[in-house]
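In structure tokens below, several structures.
Shared chain: subunit A. Partners: subunit B in the first complex, subunit C in the second.
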Partner chain A sequence: MTGYLRPATLDEAVAALAAGPRTPIAGGTDVYPARIVAAPDEDLLDLTAIAALRGITADAAGWRFGAATTWTDVIEAALPPLFDGLKAAAREVGGVQIQNAGTLGGNLCNASPAADGAPNWLALDAEVELASAAGTRLLPVCDFLLGNRRTARRPDEILTAIRVPRPEGRARGVFLKLGARRYLVISIVSVAAAAQFEADGRIASARIAVGACSPVPVRLPALEARLVGRRADPALAEPADLAPLAPIDDVRGTASYRRDAALTLVRRALAELAR
Partner chain B sequence: MRRVEDLRLLRGLGRYTDDLAIPGVAHMAIVRSPHAHAAIRAIDTAAAHAAPGVLAVLTGADAEADGLGTLQTIVQRHRPDGSPMPRPPYRVLATGAAKFVGDPVVVVVAETRNAAKDAAELVTIDWEPLPAVTDAAAALAPGAPAVWPGLCDDNLCFLFTLGDAAAVEAAFARAAHVVALDFRISRVSANPLEPRAAIGVWDAADGRYTLYSGVQIPHRIRQELAETVLGVPHHALRLVSPDMGGAFGMRGSPTQEHALVLWAARRTGRPVKWVADRTESFLSDFHARDNVSTVELALDGEGTFLALRIRTIAGLGAYLAFNTPHSPTNNLGGLAGVYRTPAIRAEVRGAFTNTQPTAPYRGAGRPEATYAVERVIDVAADHLGVDPVELRRRNLIGPDQMPFRTGLVFIYDSGDFAEGMRRAMEAADWDGFEARRAASQARGMLRGRGIANAIEIAAGPQRMPNEEAVEIRFDPGGDATLLVGTHNHGQGHETAFRQMAMTMLGLPFERVRVLAGDTDTVPHGRGTFGSRSATAGGVALRRAADAIIARGRRIAAHLLEAAEGDIEFDAGSFRVAGTDRALRIEEVARASYRLGALPKGEPMGLAALAVTTADEATFPNGCHVCEVEVDPETGAVRIDRYTVCDDVGAVVNPLLLKGQIHGGIAQGAGQALGETIAYDETGQIVTASFMDYPMPRADDLPPFEVVGNHVPTPNNPFGIKGAGEAGTVGALPVVINAIVDALRPFGVTHLDMPATPERVWRAIRAAREGAVR
Partner chain C sequence: MPKVSLTVNGKPASAEVENRTLLVELLREHLRLTGTHVGCDTSQCGACVVHVNGASVKSCTMLAVQCEGAEVVTIEGLAAPDGTLHPMQEAFREYHALQCGFCTPGMVMSAIDLVQRNPQGLSDREIREGLEGNLCRCTGYHNIVRAIAAAQQVMHGKVKELPRAAE
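For the complex of A and B:
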């Protein structure tokens, strides 16, 4: 490491990035383990002193999650059932120490295919807020995540917040994951689902996203379309709905197992939404 | 009584090797082979030498030039033609070729740990990759790459057979039923919480080495390092083994790193320290188990076991470490289980593979043997359509048959196995299973249950148990220090030995101190392994205490002006029989150091050393019952209930005993459910981190129900049988038995460990597809 900066304001942070390349770091729970073998040779920009980056706020349009909000903050926040899935993911991200240090923004910027946050943001139809010296832009999460460890963040940009629009009427979120054991494990498959319901209980709109089965978590548009106007029912999910997935074989699981387990978890997520 | 050591250990006051502050210490990093098998064409250390803070860069050629010896195994086995097994050179650093990923090749010693690691990266090795084989069965297949070309072209290190082949053949020939099971016992790594560490010190003034490193058998490792590697008298090497965060058999051998820090210390004139990180531990710690087996059971028409035979290929690794052939060959007696099976035959082929050497690991062959017999019984029960409990009962050895000579090697002294089963099943609410199964089914889950009877040899070997040493030293203040040759690595020895001394000598707990692990102060020791410490250490303590009491009686008789024969010892007091005239043992100890207090010619002081063996090994046993819930769609397994009824003979401390049983079960269940060392086709370990090597966690396990059926053994004065490995021995088979039972509706009859979600899912799918076909 040749330089370490920990500014107190976003303006300073943005200016620092405009001056030259730096790796933004918040909780450090992904940055640190990736650099344990050799001392880092890049400059770091620690964002944790910027108070404005942390915390959850809500208005008529929706919710704004500061990028430096920790998983523990999410667990402890009073949030509507729409965020039940996000909360479930927060409880299963690492151990308590990781939940205390790891941040929502860092998890998204790290862009691991198995990240537990990402499928939830897709299901929540979230947008990221990116700030640079040139101004602030908004980008849907599905456009932000480009591939394994790749995002649309420019080197001069800081991810400042994740925004979730407020749905009409009753809404619920669900998150399910499968690993080699219950906690502290890389997901073999994860599924996030969120739905808005009509007054009579039929689905007005739904978004289903699957993690760890493709370079970036993906949504299942065919299934989402089929759910509209119906009641949530596991039987509505079909194997063909998983066409967008591209699972790989590795030591954690084979592609065929991942695909089958994904369908199981999608069906269970629908069963959960039906409750 | 609670564990006294926890006050220290849980508050961060434990002293582990890495905690020891040695003035002037330098740090060692090790360059390890990135290839499973590769010739070393050239090593360029110039850049590393020139790096900042570097004190020395050493290679295998330097070690050879300095006359360093090689490590060796103490277990001799033979090739099929009767010739001695090949013994590949187990150098402290590889020369010529590296034989597994992690094989040490160069060491760098520098002022700081990071300087050493940075410089290690500057070492350039010109590798010529060679074909490699990591799977034990594949290694013995024709045409497999030779791990040691020229020395052992077929990779067959040894063939070991045991048991009456003719009797077994005859029994199989007349059997009404024969069932067979192919299975694998996965390769695992012990993964103690504290990684391995060593500090070597060379004292030029005394011409003497000191090694600080957590090991289970300090004196024995000192002997090996002194005699075979350093070539110095034992007393020229002091080994200090401080606190250890787990060992499990993995710390029971001399290692290359032990030799390297000592050698590097002498070369550099500086104390040299090495501490493994977790990845280096996965790549360099001894692994364990790794068996490919076929077991067969012959039964008559009534379901009586006639004979059992097993053929095993054991993966040994690339080198023969201190005890490598031990686990697959020395605990085969466990194949008899708790059953009357009259004829048993075992054939074990030891295979060289391009992997870490294997070493004993909690059970060291015992869980493997019990797994074979307890799994094949379930297969037989399934085949015959008999209740597995009933089939076991029909073949149990009865308490009235003790001592019982089994069909293979062992003579059991005691035990009431039917009663153990009854108590375990009662505590497990065996009869309530169907209701629980229905409840699981209503939730779409499969419930299965397993039962397994475990028995293992402890404090052996049979007929000639290893010795142990204890010295009791009273100081002139009247307090006692126990110098014990066993070594605690978490079990609670300090608590147990102080309790035993309290009982034997009537001393208050706080007046007894336990000292272990330093070869300069502890006179002798065999060490801690094989569930032996309470028994072997206890017997030595008893003998030493007897000598103390005999001496104390003589001194007390003099002080009390009575005849020696009239002195009774009870609860810490020497009393003139039938009177109230008495002296406490502490007073006698103090008097023993007082000038003029003893008769002329009587030696002063009060101390006694016993180096002694128990009369015979013991056979702890128990019945394990496990219930699992399996998610048929994802294959995820959850252990829902676990009950064990144990017979460990007499119990010193119920809390410590439960700790041993709980830990043992967790260790066995961990292997059954998830742990495995897996290699890819190039010989790289693909599970070399806790991301992909799932150690069991508290939330993976239910509360354990531990009940007792303790039948004291006549084989030692206390009736203790040992408890260190019992939990693991039973857990391995019972968890798999329960999972297979849950999958029975699909027609699944076996599933190899680890029962990962995917493997269970595959078993279900294969069975379903088979049913369709």
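For the complex of A and C:
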């Protein structure tokens, strides 16, 4: 590691990236453990001194989560039930110290297939804000996450915020994950769901995303379509709904176990939405 | 090499470090504050927990240079100058909340942050959840939870003296 920069403004940060490649870091909770065995010689761009990158704001259009907002910030924020799933992810992403240091933007940019934030952002129909010296662009999260540890972020760009549109009517979010233990482990399967409800309690629209069962978390469009106009009910989820998943065998579980657990968690998420 | 200046346990400290120097290395190797332990180096075990600007963090996953201007408190900064222990330290002693002691500095630092953030008081279950980031491989959790439950009463001013452990 040859150079370390900690600019106080976004302008300085994007100028630094325009000048040459640097690895952006915030909480560092994914960065350092990955470098214990072989620390690459890389220049770092520490984003934690840029106050504008941290915090949650809301307006008529929706919510804006600064990329350097920590999981603890999410837990302590007053947010509507739409974000109950995101809050659950914040509480289970790691122990308190990881919640204090780890950031929403870092979790997305790290692009682990098992990232607890990612399925939530898909369920929330979120977009990312990417800034560079050339300007700012918006990209849906589903287009931002390209594969295992791969995103659409250009080397000269900084992820500055995640935006969530404001739904019409009553909305709720849910997040469930399965790990060998509750914290401190990488998820075997995770499920995030968000639904908007009609006045009579039927589902107006729903988005359901599964994490850790494919290179990037994916939504389940067949199930989402079937839920429209109905009341949330675990019985509505069918094994064929999991067709978009491509789980693998690894040290944490087999593909068939993942598939089985994913269906169970999807059904539990629907039961939770029905409450 | 860059110089980092910060406050450690209420006193100004500075050191010349490499960019890649971790906060825990700054504390242990440069400042010789070896009460903060390194257990896993991968942000899992929690033996290295310290407070940075009032929040508990794992010092093995934070760069020293990121702490420029920060207020850091380690296990060495808890007791009063006359040696009077912090109520949490006193409770860990009274309730025998340790066996080998390796995880203890991190446990104590996490516990203090947990209690300070929850002035309404914590149930045993909430204490256990709050300690998810700290591993004790002597399986000493039971007494650790009892110690924290007792210490919070002192820290929140509910009782003047630490409740004694039953014989």
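Note that the second predicted complex is superposed on the first by the 272 of 275 C-alpha atoms of A that agree within 3 Å, B and C clash if a C-alpha of one lies under 4 Å from a C-alpha of the other, contacts with A are read in each partner's own complex, and residues count from 1 in each chain.
Operating definition for what follows: a residue touches a chain if its C-beta (ideal position, glycine included) is under 8 Å from a C-beta of that chain, and two chains touch if they have at least 3 such contacts.
For clarity, every value in this text was computed on a predicted model and none was experimentally measured.
Of the two partner chains placed by superposition, only subunit B is touched by A:G253; subunit C is not. Residue contacts after overlaying the shared chain place A:G94 against subunit C, while subunit B stays out of touching range.
Using the contact criterion defined above for the overlaid structures, shared-chain residue A:G117 touches neither subunit B nor subunit C, since it reaches no partner.
Once the two complexes are laid over each other on the shared chain, residue contacts for A:L178 go to subunit B alone; subunit C is not touched. In the superposed model, A:G105 makes contact with neither subunit B nor subunit C.
Where the contact sets of subunit A with subunit B and with subunit C meet, they give residues 39, 182-184. Taken in their complex, subunit A has these residues touching subunit B: 38-39, 178, 180-186, 188, 250-254, 257, 260-261, 264-265.
Against subunit C, the residues of subunit A that register as touching in their complex are 1-4, 6, 28-29, 31-33, 36, 39, 44, 46, 48, 72, 94-98, 100-101, 182-184.
Only residues 2, 18-20, 22, 41-44, 46, 49, 55-58, 60-63, 65-66, 68, 110, 113-114, 130-135 of subunit C touch subunit A when the two sit together in their complex. Interface of subunit B with subunit A (complex): residues 114, 121, 633-634, 636, 673-674, 678, 686-687, 691-692, 694, 696-697, 699-700, 756-758, 761-762.
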